[in-house]
Amino acid sequence: MNKRKLSNILGTSLMGSMLLITAIFLLIFLIRMFSKGFAVLSPEFFFSMPRNAMTEGGIWPALVGTFLLTTLAMLVSLPLGIFTAIWLTNYARPRWLVRILRIAINTLAGTPSIIFGLFGMAIFVNLMGFDVSLISGGLTLAILALPVIINNTEEALRAVPVEFRDASLALGATPRQTIMRVLMPAALPNVLTGAIISVGRVAGETAPIMFTAATFYSRRLPQGPGDEVMALPYHIYALMTEGTHPGSQVPIAYGTALVLLLLVLLISGAAIIIRSSIRRKRQW
Amino acid sequence: MKSFKEKTFRSLTYLAALLTIACMLGIIAGIFGEGMPLFRSVGIREFLFTNSWYPTHTPREFGALALIVGSLVVTLGALIIAIPLGLGSAIFISEIAGNRLREIAKPVIELLAGIPSVVYGLFGMAFLAPLLREWLGLETGLNVFTASVILGVMIVPIICSMSEDALSGIPRNIREASFALGATRIETIFKAVIPAAKSGIIGSVLMGFGRAIGETMVVLMVAGGAASIPESIFAPARPMTSTIAAEMGETVMGDLHYRSLFALAILLFLITFVSNLVTELVFLKKRDA
Amino acid sequence: MVNIQIQTSELNLWFGKNHVLRDVNLPVHSNQVTAMIGPSGCGKSTLLRCFNRMNDLIPETRITGKITLGEEDIYAPRADVTTIRSRVGMVFQKPNPFPKSIFNNVAYGLMIQGKFPRHELRDRVEESLRAAWLWDEVKDRLNSSAMCLSGGQQQRLCIARALANRPKVLLLDEPTSALDPQSTAKIEELCLELKKSVTILIVTHNVAQAGRISDHTAFMYLGELVEFDRTEKMFTVPADKRTEAYLTGVFG
């Protein structure tokens, strides 16, 4: 067999083995998470409060906390992000402002999550005096999610055929009416998919909430936006690093991680499925 | 009346755009505002190039060299792992695999990208580190090597999906020309397609770099805790991100230690900002081509 | 008594540095079909789009001169663009119904004005669909998606949608170039019927079509209005050499 043919076979196998190794990592990872985590799961695990210095009981407050943080973050970042994307695609004047906005979006997208956490701490917790609370964490997470929502919504709007816009304007509709009645409805499925994926990301973030919202142990569920909360990702971290009884706490950490993992995977999976079914049903 | 609605709507969108810009400015102002005052007491040279991070000793010292080196070493390690895996996978998916495999592989990579970093951290801390410690007879499994492995796997999806986009964006006729001249598949890939997709691939590596150097939870949980320059890849390290996360809880607002952590944040921000800028320029070149 | 519905005076248009329309003086007669013909790039579509100010959407457009609709100059600084556009309807080359129901497509122009009660909407939708010769084909499925209609039906839907605003003028930009011969014939007949109630301005690259349906024809070349006359006359005895050359197929 000549040398080139041999190289071709070796090269192809090498590339394939890269994918294989990655897949094997993923497999080991998932198997480990599931096997260790599954043993701990039970209805009690989901719905009861932690007991006995976090060595027993459930993760209900962390679930509630993650839910509240994520909801608050989306309530702030979705409208803000969607309206910004509408400005970018329909109004976008003057040019220099558009440039600055793009720099802002790219910068926010590339900023490490710990820096968001520091910002949240400096501004929301300290400067505005919200203290370590649901609202500080939620706002911090909202800023984290913002660039993703803007980029996704912008892309969704640009994917709408320009003929729809022309037809609407030619019938005497104003830009606002065109956006609200034609462009946004057409872009909505993609916008929604992006929003769902963002939810998954926000739920899994630890660094932004470390100093702004999260606590390892809270005696009761949060009563209002000013309360600190437990959260799934922070709980995992805290159990592993601040826990005093690793014997019983590591399994709980695995269980919490599995819950978080399932949550995120289910959300992303749902979004991907929705997106392909939209693509198939699309009439344009 | 119509005009009022128009103007209000337009103003709302304008306001949203301004608020977004304000967020960026706020972050910059916040970080720099709280961090710059450190340099009244500590020289920039000292901060960057001295290896003496003793924020809680007397006398206090803020030489962050070990932390910076820690970040760079772990990031480099992650890239060493992620580039072959990610690029190789991308090449296989884009150029070699059949449609069926591609349809499975792409969503799988996308799902991988969504796994929260703290879960990776747990995996590293509770599984991989003890395993490696046993296998390799190490003192501790929480070190640069383990952190690089976990971090590397974490950024594989980024490098893979961006490179794959770059590769599949190369038009068919380039491959056809190469095959028509008698080249093998591998030769076509490495001599014709990859050079054409160069800027996209480099861009993906830069993005991976930015993501890795900014990552907190994985290195916090897996890289070990020693704020010293790692002597080997099996020694622990303390990147900037884990330093900030680990020590912030111990500081008093406004004091020097607090400011030094913000100063680290400034450095981190600048590094990722420049990295993103370079990525943009790389991609801009691609668009013109 | 000749009634001019829409008139351009000394109209010039630039896209950036390109001088695309030069000193165009075009009178469009009420309740007649006026065709605009000319080779590719002569400016006929651009001129058409001036009549409902759709060129405003293109950046770096500059216009001098006047276009009067009835008594008012549509480019006057105080003029309300959206009102003008509801008085001057447009049908595009490629049918572009919204991804909405048939009913909601036709009613769109009325719904955005927000002043029509539900029953009046229904009456106007029926009136417009009848006028566009589409009513019988869709009356049982007004709530089904407009995207399910055939190409010819979609184009008639777009005509109905434009007619719902009861415009004074209907602009047609090569409305049949994407359609099959049968649909084309139907729409040509429709134009002859519609002109009784609305002034029609049609851009077409098909000279025979212009000859079949128009009362007046404007021939454009390189941004200039070279000749404008009654169709019968222009097609038999063109006044300008260039018109003759185009009509006999020497170029274009």
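Letters A, B and C mark the chains in the order given here, with residues in each chain numbered from 1 onward.
One rule holds for everything that comes next: a residue touches a chain if its C-beta (ideal position, glycine included) is under 8 Å from a C-beta of that chain, and two chains touch if they have at least 3 such contacts.
These numbers were taken from a predicted model, which means no experiment stands behind them.
K.L.:
Among the other chains, which touch chain B and chain C together?
P.N.:
Touching chain B as well as chain C, we find A.
K.L.:
Would you identify the chain whose Cα-based centre sits farthest away from the centre of chain A?
P.N.:
The most remote chain is C.
K.L.:
Taking all protein C-alpha atoms shown, work out their mean, then name the chain whose own C-alpha mean is nearest to it.
P.N.:
A
K.L.:
For the pairs A-C and A-B, output the one whose chains share more C-beta pairs in contact.
P.N.:
Result: the pair with more contacts is A-B.
K.L.:
Chain B to chain C: how many Å between their CA centres?
P.N.:
Using C-alpha averages as centres, the distance is 56 Å.
K.L.:
Between chain A and chain C, what's the gap in Å when you average each chain's C-alpha atoms?
P.N.:
Centres of chain A and chain C (C-alpha means) sit 49 Å apart.
K.L.:
Cα centroid separation between chain A and chain B, in whole Å?
P.N.:
Centre-to-centre distance between chain A and chain B: 17 Å.
K.L.:
Quick check on chain B: which residues sit in contact with 2+ other chains?
P.N.:
Each of 2 in chain B touches at least two other chains.
K.L.:
Any chance you could list the residues of chain A touching two or more other chains?
P.N.:
Only 174 qualify.
K.L.:
Note the residues in chain C that touch 2 or more other chains, in rising order.
P.N.:
82
K.L.:
Going by the contact rule set out above, which residues of chain B touch chain A in the complex?
P.N.:
Per the touch definition, chain B meets chain A at residues 2, 5-6, 9-10, 12-17, 19-21, 23-27, 30-31, 33-34, 84-89, 91-93, 95-97, 105, 107-108, 110-112, 114-119, 121-123, 125-127, 153, 156, 160, 184-187, 189-190, 210, 213-217, 220-221, 241, 244-245, 248-249, 253, 261-262, 265, 268-269, 272-273, 275-276, 280.
K.L.:
Within their complex, state which residues of chain A touch chain B.
P.N.:
For this pair, the touching residues of chain A are 4-5, 7-8, 11-12, 14-19, 21-23, 25-26, 29, 32-33, 36, 79-84, 86-88, 90-91, 97, 100-101, 103-119, 121-123, 126, 143, 146, 150, 174-176, 179, 197, 200-201, 203-207, 210-211, 233-234, 236-237, 240-241, 250, 253-254, 257, 260-261, 264-265, 268-269, 272.
K.L.:
Considering only the defined contacts, which chain A positions touch chain C in the complex?
P.N.:
Against chain C, the touching part of chain A is residues 161, 163-164, 166-174, 177, 181-182, 186, 283-284.
K.L.:
Give every residue of chain C touching chain A within the complex, in rising order.
P.N.:
52, 54, 57, 82-87, 89-90, 92, 94, 96-99, 108-109, 111-113, 145, 147, 158, 161-162, 165
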